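These notes concern the structure reproduced below.
Chain naming follows the written order as A, B, C, D, E and F, and within any one chain the residues start at number 1.
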Amino acid sequence: MKVVTFGELMLRLAPAGYLRFVQSNKFEATFGGAEANVAVSLANFNQEVKFVSKLPSHEIGQMAVNSLRQFGVDTSEIVRGGDRVGIYYCEKGASQRPSKVIYDRANSSIALAKKEEFDWDKIFKDVDWFHFTGITPALSKEVALICEEACKKAKERHINISCDLNFRKKLWSNKEANEVMSKLCEYIDICIANEEDAKDVFGIEASGTDIESGKLNKDGYVEVAKKLSDRFNFKYMAITLRESISANDNNWSAMLYNAKDGQAYFSKKYAMHIVDRVGGGDSFGAGLIYAFRNEYKEQDAIEFAVAASCLKHSIEGDYNMVSVNEVKALVNGGSSGRVQR
Amino acid sequence: MKVVTFGELMLRLAPAGYLRFVQSNKFEATFGGAEANVAVSLANFNQEVKFVSKLPSHEIGQMAVNSLRQFGVDTSEIVRGGDRVGIYYCEKGASQRPSKVIYDRANSSIALAKKEEFDWDKIFKDVDWFHFTGITPALSKEVALICEEACKKAKERHINISCDLNFRKKLWSNKEANEVMSKLCEYIDICIANEEDAKDVFGIEASGTDIESGKLNKDGYVEVAKKLSDRFNFKYMAITLRESISANDNNWSAMLYNAKDGQAYFSKKYAMHIVDRVGGGDSFGAGLIYAFRNEYKEQDAIEFAVAASCLKHSIEGDYNMVSVNEVKALVNGGSSGRVQR
Amino acid sequence: MKVVTFGELMLRLAPAGYLRFVQSNKFEATFGGAEANVAVSLANFNQEVKFVSKLPSHEIGQMAVNSLRQFGVDTSEIVRGGDRVGIYYCEKGASQRPSKVIYDRANSSIALAKKEEFDWDKIFKDVDWFHFTGITPALSKEVALICEEACKKAKERHINISCDLNFRKKLWSNKEANEVMSKLCEYIDICIANEEDAKDVFGIEASGTDIESGKLNKDGYVEVAKKLSDRFNFKYMAITLRESISANDNNWSAMLYNAKDGQAYFSKKYAMHIVDRVGGGDSFGAGLIYAFRNEYKEQDAIEFAVAASCLKHSIEGDYNMVSVNEVKALVNGGSSGRVQR
Amino acid sequence: MKVVTFGELMLRLAPAGYLRFVQSNKFEATFGGAEANVAVSLANFNQEVKFVSKLPSHEIGQMAVNSLRQFGVDTSEIVRGGDRVGIYYCEKGASQRPSKVIYDRANSSIALAKKEEFDWDKIFKDVDWFHFTGITPALSKEVALICEEACKKAKERHINISCDLNFRKKLWSNKEANEVMSKLCEYIDICIANEEDAKDVFGIEASGTDIESGKLNKDGYVEVAKKLSDRFNFKYMAITLRESISANDNNWSAMLYNAKDGQAYFSKKYAMHIVDRVGGGDSFGAGLIYAFRNEYKEQDAIEFAVAASCLKHSIEGDYNMVSVNEVKALVNGGSSGRVQR
Amino acid sequence: MKVVTFGELMLRLAPAGYLRFVQSNKFEATFGGAEANVAVSLANFNQEVKFVSKLPSHEIGQMAVNSLRQFGVDTSEIVRGGDRVGIYYCEKGASQRPSKVIYDRANSSIALAKKEEFDWDKIFKDVDWFHFTGITPALSKEVALICEEACKKAKERHINISCDLNFRKKLWSNKEANEVMSKLCEYIDICIANEEDAKDVFGIEASGTDIESGKLNKDGYVEVAKKLSDRFNFKYMAITLRESISANDNNWSAMLYNAKDGQAYFSKKYAMHIVDRVGGGDSFGAGLIYAFRNEYKEQDAIEFAVAASCLKHSIEGDYNMVSVNEVKALVNGGSSGRVQR
Amino acid sequence: MKVVTFGELMLRLAPAGYLRFVQSNKFEATFGGAEANVAVSLANFNQEVKFVSKLPSHEIGQMAVNSLRQFGVDTSEIVRGGDRVGIYYCEKGASQRPSKVIYDRANSSIALAKKEEFDWDKIFKDVDWFHFTGITPALSKEVALICEEACKKAKERHINISCDLNFRKKLWSNKEANEVMSKLCEYIDICIANEEDAKDVFGIEASGTDIESGKLNKDGYVEVAKKLSDRFNFKYMAITLRESISANDNNWSAMLYNAKDGQAYFSKKYAMHIVDRVGGGDSFGAGLIYAFRNEYKEQDAIEFAVAASCLKHSIEGDYNMVSVNEVKALVNGGSSGRVQR
C-alpha cells in the first residue's frame, strides 16, 4: 500500500553558506515543497510513496521530477505540462539575522492546473494514506477544488487523510484560508499544525504564549487541539512547538492530542544547532505518518516524529535525508553526536 | 551626453561548464538582457549610459540593479516594483550539441509595467542616443506602447535611435512582430539585425543563403538592407553574419549599409572558439553605437563593432567585458592571443 | 516490455576540469559502468529499462542506486550487500596529453557476487532485450557463470541478446577473454565492438589499419564483422570507428553489418570537440538497441547510434543525457550548434 | 547632502570556510577597508556616500572600484593611479583558534599618494559629514598630512567630522599614533573607539577591565570617554564593548557619551554566533553616523549602531549588507531569527 | 634525531560542509590515518619525522605521499607498490546527527605488505622515538608481525615507543585485539588511549562512567591507567576524556599517569565548537610526544597535548595544522579567539 | 648530485576558467616563478633539485614553500624572512582575447634580499647543475650581484650553468638587461631563449620573422644562436619557437644549436590546444636540463624538451606535472590522446 501526497514542487535557489542574496553569483539549485518533502522523507523511511502534482515537460521540470525519483518516490502520476516551475529564493540566517524566503511561484504549472487533469481513482489505487497541506488549496481556487475532490475520493476509499495547516500569508488571506480550510478539514483524520497556524487560519490561539520571544505554554496548545478536534472531528491533532532563540539555535518539541480520549502526549525537547530549518515541519509530518502506518503508540509516535524532524534541522535542503534507524537511535538517546564508524 | 537603453533585465541561471540542466545542482546566477547588455558594453567603453526598466524592490531585483551598477551603468531611472525578475535558464552546448535557452520571463515587473511609470522627458534629459531591441515591444502590448512613446519623445529631441530587430518567436508571432515593428521602424535611424531577423519580422530574405548550413551570401544581405532602408527610411542598416560550424566554432563578420549612398561595408571575418555566445549580437550593437558616437568612418565602425563582439564570444555571461583599447588592439591585428604582461 | 542490462556500477572520481590527479584536492563523484551507462541512455530515450547488479547497502551503494533511479532506471533487481562499490579514478586529457583511468574495482560487491543471488526468471519477466558487455564476465569466474546462466535463460525466453565485447586488459588476459567470450558469443544476436576489440579478444584484425595513427580501413572492418558473424552466428555486428587526432579532437563513425545478407552500412563521420569521451561506446550500444527495438532500417539504425554517441562526447560523465529528439535533430543535419531558444 | 569617507580599500584574500592558509588553494577575493566599509554600510542605509582614495587603473584596481559601485557608493572621486592594491590575507578562526590577518599593504597606491592629488574643495561639495579612521593617517606621513588638510577643509565648511581611532600596531607605534592623532583629534566632533584603542593611542585605560578574559567594566569606559572628550573637545564619544568568549561567540554592546551633559548611554548586549567579525567596528560607526544624520536621540542612536553591527557579525566579508529596516527589526526585539517569508 | 611513525595512510572522501553522502556529487579528497596524522602534527611542531607505510606507485598513491611531503614529513621510507590506497568516506554530523565513517580499506597496499619489505635497521637510523597505534597491527596478521619486529628493533636501539590503543571494531574483534596488543604492549613505554579503548581491548573499564551520556569519572580513569601500567610495565599512560554533548559541542580534557610514582595529572577542560573531530586523538598523541621529547614536566605535557588537540578540533581534515606557538598561546590562556593581526 | 635553481617564487592569483578579473570573486591560489617551475619540473623527472630563494616566514610564505615541497623539491636553502610574497594576477585568454598578467612583485622578500644571506659554498655542495633566468638579476641590483656571485662560485666548482634569457620589460629596460646579462652570460654554458628574447636583450634579431603574425624563419634563429654563442662562448644555445594562432591554439617547436660544430637541431612541431601556457618556456628548460644530465644526443635532447613543454601547455598552473615516461611516450608518437586505462 502506498502513501499519496499532493502539492507543489518548487525550485529552491539559495546562496552558498551564509552569503546574502546581494553577495551571491551562484545559487544552490535544489527542489522542495511541503508535500514533496513529506514524500521524500517517507521514501527514506522505505515507505512506498507517490507524489502528485503538475510540472512542465521541459528540462527544469525534469530536474524537479528527477530530484524525487532519485530517492525512490513514484513520480508516474505527476502531470507534465504548463510553462514554469515555481521558484523560491532562500537566504540562510545566522545569529540575530533571520533567514529570508522570497517566493516566485505564481503561475506555476500546478497553480494553473485544471481539475480534469487528475484522475483520483487511478491515483488512489492501492493507497492507504493521503497527505496534503494548507499550501496546496492556497495555490488557486481550482487547486482548492482539486483538493476537495481528492479528499472526497479518499474518504470514499477509506484512505487516511492527514493535513498540515501550513498557513502562508503570501498565498492567501486569513479569511480565505479559514473559508477553504474549514471545508477541507471536514475530511481530515489527522491534523498537523505549528505553533502559529491555528491562530492564523482559525483564529484560535494558545493562551499564555509569545511566539516571538520563544516562550510557549503547553496547556494552551492542548486547548487549541481540543477545540479544533471537536469542531472538525479530527482523530488526532499534532502541534509542533518551536522556540526560536536565534537563527542558529532553536528548541524543538511537539504534542500529539488524541481526540477520542482527550489525552495529550508531549515529546522530549531538543536543543538544536540548525543547519537548515526549511522543511522542518514537513519532516515532522512524515515522521508522524510513518509512525501511524506502523502502528506506533501515541508517545512513541510523537517521539519518532519529533526526533525525525530534529534530525532534519541538521540537513541541508528541504528533504529529510534520514533512515528509520537513525531516527530510532536518536529516540533511544543517541544525541551525543559521537562518530559512527 | 548619455545613451539610454530600454528593456528587460533577466536573471540568467546556468549550469557550470558544459553540464546539462539535468546534471546540475548549482546555477551560475548572472544577469542579462539585450538592452542591458548594450548598456554594460557601452559603460565598459567609458560611455555615460542609463538603463531604463522596471525591477522588483526585493533582493533579487536589487541583485539585478547591482549587476549593472558595478560596471558604472546609471540605474537611477529603473522603476522599482512588481513581483518578479524574469528568468532564463541557459545550458551551454558543445561540439554538435546546441546550446539551449528556456525562458521563464512572463509576468516580470517590466512585462507588467504601465505607461505612466516612465517619464521620458526626465529620462531623456542630456541624452543623445536611444537604443532598444525588438524584444522590448514584444514583452506586452503596453510595453510596445511605451516603446512607441519613447521613440516619439526621442524624435522630438533629435536623439539618435537605434534598434536591433532581435526577433524572439517565443514572445510573439511573425505577424505581431511585423505589425508592431513596422510602426516603430518609422522612428529608427540605425537598424541592426542578424542574418535571420529581416526574414522573421518582415519576410525579407537574403537570397542564396542557407542559415542552417552556415553558408551566407553577401550580396543577398546588401539587398535586404537596401529594401528595409528604403521602406523605413533608415540612415544605416547593419547585419551580423554568423556561420555556425559547431557549438564551439563560429565565423563572425558583419555588414554596414549606408542608405544615403547605397554603399555596403563588410568587416573582416573572425574564426572564433566560443566561450559564451549569448549577448554576441548585443555587443555588436554597442560597438556600433560607440563607433557612431565617436564619429568613426563606416569601415572603421563596422570593424570596431565586429571586433568588439568577436571578443564578447570569449567572455562568460551576457555582458561584454572589454575596453576600447582591447577592441582596437584586435582591429589592428592582435588576434594571436599572445600573453599581455 | 523492458530491457535488462547486467554489470558493474562504479564510483567515478575525477579532478575538476583539466587538473591532473596530483593537483587535486576535490573529486567530482559520479557513477558509471558500461552496462549502467547503456541503461541510463535507454531510460533517456524513454525505454523501460532495468539494471541488474550487486551493490552494498551502505550509503555509497545507495548513491550509486540513486544515480540510476533519478533518470528513471528500474533498480529493484539490484542485489544489495557486500562491502564495496568499485571505483575508477579518471583524469581528463587535453591536446597531446592522454586521459588516464586508474581502476580500483577488485573485490567490489558484484565481483564477489554469487550465482544464487540472481533469479533470472524473475528478472526476465516482461523483458524483450538483454544487454551486457565483455567487462561483466571478466569481473570473476563466478560472474562469468552468472552471465552464461543469464544468456541461457534469455535464450529460452526468446529475448534478444546484445553484447559489447569491451575488452579490458586490466581485468583478464586475451586468452581468458577468448575462452569465456567464445562460449558467451554463442548466445549473442547482436555483437558490438570498437576498432580494437575483435583483435584483442579473438585475434581477428582489420587489415590496413593503424589504430595509434588514427587511420582506419573500412573494408578491413567488414571482413572482421563477417568472420565473427560466421563463427558465432550473430544476426548483426556493429563496429565503432574512432580516429583519435588528439585528446580534444576525434572523428567518430561506425559500421553495421547484417550477417544475413552480408551488407555493411557505414554512418556519417563526425568531427568532435570532446567534452568527455568515457561512455562513448556505451552510448553507441544504447542507440543501436533503441533503433532495433523501434524497428529502424539498418542505415537509419547506424546513423541514430552514431549520432547518439557523438552527442555523448559533448556531455560530462559516463551517462549519455540526450533525448531521442536531440539525436534525430543531429541525424537530420543539425550539427551547427545554433542556440535553441 | 552626502557623506565622505577617506581611506584605503584593500583586496581581502581568504580561504573558504574554516580552512587554514596552508590548507588552501583558492581564496575568496573580496574588498574591504575601514572607511570603505563605512561607506558601503551607509549606502545600504540609503545614504548618499562618496568614498575617497587612490587605486591603480589596472583591473585589480577596477575590481575594487566595482565592489563599491555595485552597492551604490559614489566612486567618482577615487584617484586612479599607482601600482598596487593593498592586500590582506584573512583566515577565519573557530572555537579556541583565533582568526588571523596578514597584511601586505605597504606601497599601495593610497599609501604613496600625494597631497596635491586630492581637491578637497571639490570633494566636499554638498557634503555634511566626513569620516575617517586612525588607519588612514597611519598609512604614511603624507597621507597623515592629507587627513589634516581634509579635516581643516571640512571644519571650514562646518561639516561634521567623525573618526574611529582604530589603532593598528603593524602600521605605526603607539608614540607615532599619539602624536598624529592628538593633532587630528582637535578637528573631530564624534570619536569612536573600541575597548582597547584609547589605551593604545593615548595611554588612557578603562580601570577594572581585562580585555583578554573578556570582562569589561562599564564605569571605566565612561571615565575614558570623559577624559578624551575633555581633552579634545569631542561632542560625543562612542566605545564598542566586545567580550570575546571564543572565535565563534562574542558578546557585543556599546556606550555613547554625550560630552555636553556628561551622560553615558549603554546599549542592549547581544550574544552573537559569529559568521565574520572583520568590519564589525566599521558597521558600528556607520550605524552611528546614520543615527546622527537622521537625528536619533542618544539611546536610540547607540541601539541602532549596536544592532547594525551585531547583524554585521552574521555576514561574510567586510561590508555590512543590511537595510535600515532590518536593523530596526532587531532593535525592536526581533532577534529570534525566525524565517521571514 | 627523528621520530618514526608506522601505519596506513588513506584517502579521505568527504562531502562538502554538512551535506550527507546521498546529497553529494563532489568529495573533498584529503588524506589521513592515525600514524600519518601524528607525523604531520609533529612536522608542524618542527620535529624531524619519518612516516613508514606502503603505498601504490600510481598517481593516487603519489597524492598520498605528496600530502605528507608538503608539510615536511620524510617519506623516503614509504615502500611503493601494491594496487590500492585504502579509502574512508566521512560524513560530518551536526547537532543531534552523528558523523559517519564508511571504511573501504581492505586489500590496500599496506594491508597486503610483506615483512621483508621493511628494513627496520635502516628505518631506525638516527631515530629516538617510534610511534604506532592499534590500527596498524589490526590491518593483517602479517602487519601485526611487522609491528612486532619494529618494536623489537626499536627496543634494541633504546628508542622510545609510544602506542595509541585506537581500537577499531571493523578491523578486528575484541579478542583478536586483546591477543595481539597484549604482546605488543610489552614493548611500549607510553600508552595512549581514549575513554573507551581500555575496555574494548583489555576489558578494563573506568567505573562510574557512562560514555554515551558524556559523564566521565576521573578516579575511574586513574584506576584503569594503574591497572594497565602495572600489567605491561608502561612508564606513562595517557587517557583522553571526551564528553560528547552534540556533534557540534564536545568537552575535551585528558589525564597523564606516571606509573613510577602513581601520580595522575589532569588537564584543563575545553568546551569546543567542533569544525572536524577526526584526528583529534592523533593530535593529542603528537602533542604528548612533542612534550616528552622536549622534556616538559607532566602537568605541562598533558596541558600541551590537550591544547594541541583542542585546536585540532577547529581544523578541517585529519591533519593538525598548528604550530608550537599557537598551542602555547592556548595553554597560556588565549582561548578568547580574538583576531590576531 | 643535485640541480640548483635560483629565483623568485610568486603567488599566482587567477580567476576560474575563462572569467575576466572584473567578473571574479574567487582566485585560484597557486605558486609559480620561472626557476621554481624548472625545479618542480625536474623533481617530476625524478631529479634531485634544490630551489634557492627568500620567502617570508609567515603562512603565505609557508604556502609557497609547501607548494614546492609536495613535489619533492628540496627547500632547505630557502632563506626565510622579509615581508611579502610577490604576486602575479593571471587572466586566461580565449580565442582572439589574449591572456593578461598583472605583476605585483616589487618589494618581495627576494627582491629585497641581501648578498650575505646566501652561502653559495653550502648551497652548491653535491651540485652539478645551476640554473637561473634573466628574471632573477632583474629583481634588484643586489640580486643581480647575488647572481653573479652564484655564477662565479658555480664556475669554480665546474658546475654546469644554464640560463633562460627570459626578458621582462616590466622589470628592467632593454639597456639594463643588456648590461647585466652581458656580464652574466660570460659564465653560462647553455643559453635558452624564446623567439623574442635575443632581440629584447641583445638587439639581435632573427631575420625574416614576424612574431605577431606567427611566421617564423628557421635560418634566422640559427644565425642568432651562432652570434650569441660566438660572443659569449656558450656551449649550446636553445631557442623555443612559438607560433600564436589564437589564445587557444599555438604551434610549438624549438631549435638546439651546438656551438662547437655549428650544427642546429630542429624538433618536431606540435599543434597544441592550450590549457595554460604560463610556464611553457620553463618546462622546456627543465626538459633540456634533464636531457643533458642524462646524456641525450642533441636531436633526442631537443625532442624531449619540446615534448615536455608541449605537455605543459595541457596542464593548469605554472608547474609541469609530467613524468619522464609521459614525455617519452609523446616523443615516440603517442600524440593521439587515446585514454590510458
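Here is the rule we use: a contact is a pair of C-beta atoms (placed from the backbone, for glycine too) under 8 Å apart; a residue touches a chain by one contact, two chains touch by 3 or more.
As the structure is a prediction and not an experimental result, all values here were calculated from the model.
Student: Examine where the copies chain B and chain C touch and state whether the two sides share over half of their residue numbers (same) or under half (different).
Tutor: different
Student: Does E-F or D-F have the larger number of C-beta pairs in contact?
Tutor: Per the contact counts, D-F leads.
Student: What whole-Å value do you get for the distance between chain A and chain F if each is reduced to the mean of its CA atoms?
Tutor: Inter-chain centre distance comes to 62 Å.
Student: Could you give the separation in Å between the centres of chain B and chain D, each centre being the mean of its C-alpha atoms?
Tutor: 42
Student: What parts of chain C, by residue number, touch at least two of the other chains?
Tutor: Touching at least two other chains: 17, 20, 22, 25, 66, 71, 100.
Student: Treating touching as the only link between chains, describe the layout with one word: line, ring, star, complete or other.
Tutor: other
Student: Which two-chain combinations qualify as touching?
Tutor: Touching chain pairs, listed by label, come out as A-B, A-C, A-D, A-E, B-C, B-D, B-F, C-E, C-F, D-E, D-F, E-F.
Student: Touching residues of chain E toward chain F in the complex: what are they?
Tutor: These residues of chain E touch chain F: 66-67, 69-72.
Student: Using the touch definition up top, name the residues of chain C that touch chain B in the complex.
Tutor: 17, 71, 270, 272-275, 307, 310-311, 313-317, 321-322, 326, 330, 333-341
Student: Could you list, by residue number, the parts of chain B that touch chain C in their complex?
Tutor: 17-20, 22-23, 93-101, 103, 168-170, 212-214, 244-249, 277-278
Student: For the complex, which residues does chain D have touching chain F?
Tutor: Chain D reaches chain F through residues 13, 20-22, 24-30, 58-60, 62-63, 66, 83-85, 87, 89, 91, 100, 102, 104, 106-107.
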